[in-house]
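First, the structure itself, so that you have it in front of you.
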Amino acid sequence: MRARQISVVGSGSEWEAQAEQVGRLLAGRGCTVVTGGGDEVMAAAARGARQAGGRTVGILPGESPSAANEWIDFAVATGAGHARNLAVAASGEAVIAVGGSWGTLSEIAFARRLGRPVVVLGGGPEVEGEGIARATSPEQAVELALSALES
Amino acid sequence: MRARQISVVGSGSEWEAQAEQVGRLLAGRGCTVVTGGGDEVMAAAARGARQAGGRTVGILPGESPSAANEWIDFAVATGAGHARNLAVAASGEAVIAVGGSWGTLSEIAFARRLGRPVVVLGGGPEVEGEGIARATSPEQAVELALSALES
Amino acid sequence: MRARQISVVGSGSEWEAQAEQVGRLLAGRGCTVVTGGGDEVMAAAARGARQAGGRTVGILPGESPSAANEWIDFAVATGAGHARNLAVAASGEAVIAVGGSWGTLSEIAFARRLGRPVVVLGGGPEVEGEGIARATSPEQAVELALSALES
Amino acid sequence: MRARQISVVGSGSEWEAQAEQVGRLLAGRGCTVVTGGGDEVMAAAARGARQAGGRTVGILPGESPSAANEWIDFAVATGAGHARNLAVAASGEAVIAVGGSWGTLSEIAFARRLGRPVVVLGGGPEVEGEGIARATSPEQAVELALSALES
């Protein structure tokens, strides 16, 4: 059976430590970590997952899989630019946002449009609504995301 | 020379009257009205533009141009599902949101990601940030959008 | 009622004269000419259509409508890179290929995947199959495309 | 280091045995097998790869990762419809086509547009050109694809 896939989105170098911990915890819970395959938060989440023995998927905007960061096990080059944000949101059963700006907001919006539960870890876009939970720690973020999938 | 293109995004039947007025005013200012080509706010904005003698473009999620509402002059069938929201945001020099929910929020987020000025007419998603103005009437929305392009 | 939309695809500067004539003839038959909005064959088809008083739509790979050639009346910036080839194919009721290479072949393939009739004007990709007709002149290409839509 | 990724495209139930053997051989050579995640050739290639202990990625047209066939380890839901064919082509360092029709042809065209070597195993679309090799057996197809990457 396929492992549960959780997407981690966001940006901002100041959020890397938290993203790495999110990735580590998700891998520890047996989840595949899906990201946009780029740097900062995306790289940190994948790095954390790999440190914990997990698997990582990077869904890139460009046409070359080799643009993925070094912690990505499986690189998907969509060639579709920012439209790949839809794929990042859709490919996780839940989405955890760590920091981030407008691109991250588009992923949160798509995730909710598709009915995926979203957890925003402090500092992400100011967005509220049904299906969006706020977390103040990586531990809480992962807990909220996984428990949303149980219910 | 190509006419200025402004995108009108949103949803919710209760916002149709305001969207229609936005479309009418944009056409009166010589703008082409770009929408997602669907119903409710999208149809109303195009209807308003046509009433004022303007031109309308519909950028559809599906594979058939004939799915566009009847007020669309030029129908683009992207076949790309919700990923067409990026095209709607990118194809306007500015974006006006009227009502709307998660899909609309994704368009606002993409518009800002690409540096397009955004005007949210009351009732749209709760989103704030640089480059996003709030309007309380169609007249003000159009004025804010066009003046943002002058500066 | 919306005008009939026909897509003209292809590339290669040596095919510009024929593409321009295809555009001119389509406009003369009341059709909107849809292209990828770029140079060479795409620009020539739009130029021909405009010379005959027709309307033109350009569906671009990038994020800026201003990248469209000067004969495009309505510019759609998909931001989706080569994935916009699907939109070009889908937005025409029929597709006429003039010259072209691999990108053009992807548009022909998508057009057939969606059931659109395709006419290849000499020099285009070597491709055969049900629903693909070969033409030896712009006049014949337009005639074959429009008659395929009547049946 | 990331394993080499090779995309297997195509359709037609009569080609499943050959596709399965292609997947098996690719996995035996240490490659990750990338497919469109659907049935027939796509499922068979993934099944073969899994039988040989390999890893598989499915890049789906829809919005739900759970639509992937059961032999897919990592499911990417692009939500982009046929536009996902670009991602399938781009995500492999080389592309092997087994059987197939118009959708497959679009993937071959995109692969060549991006400079990826393509091997067509008997029965696929009639397409020729620089960078496209023909194989008459799964063994030869895999050999040609991998040797194209060495040079």
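Per-chain numbering from 1; labels A, B, C and D assigned in written order.
One rule holds in what follows: contacts are C-beta pairs under 8 Å (C-beta built on N, C-alpha and C of every residue); 3 or more make two chains touch, one makes a residue touch a chain.
On a predicted model such as this, the values are computed, not experimentally measured, just so you know.
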Degree value of the rotation bringing chain B onto chain D, based on Cα positions, nearest 5: 180
Reference chain B; chain at largest CA-centroid distance: D
Distance between chain centroids, defined by C-alpha means - chain B, chain D (Å): 39
Chain centre separation in whole Å, for chain C relative to chain B (CA means): 27
Two or more partner chains touched - positions in chain C: 63, 78-83, 86, 110, 114
In the complex with chain C, residue positions of chain B that touch it: 2-3, 5, 32, 34, 55, 57, 59, 63-65, 68, 72-80, 83-84, 86-87, 90-91, 93, 110, 114
Touch list for chain B against partner chain D, complex: 63, 78-83
Residue numbers on chain B that touch chain A, as the complex places them: 80-83, 86, 101-103, 105-106, 108-110, 112-114, 125-129
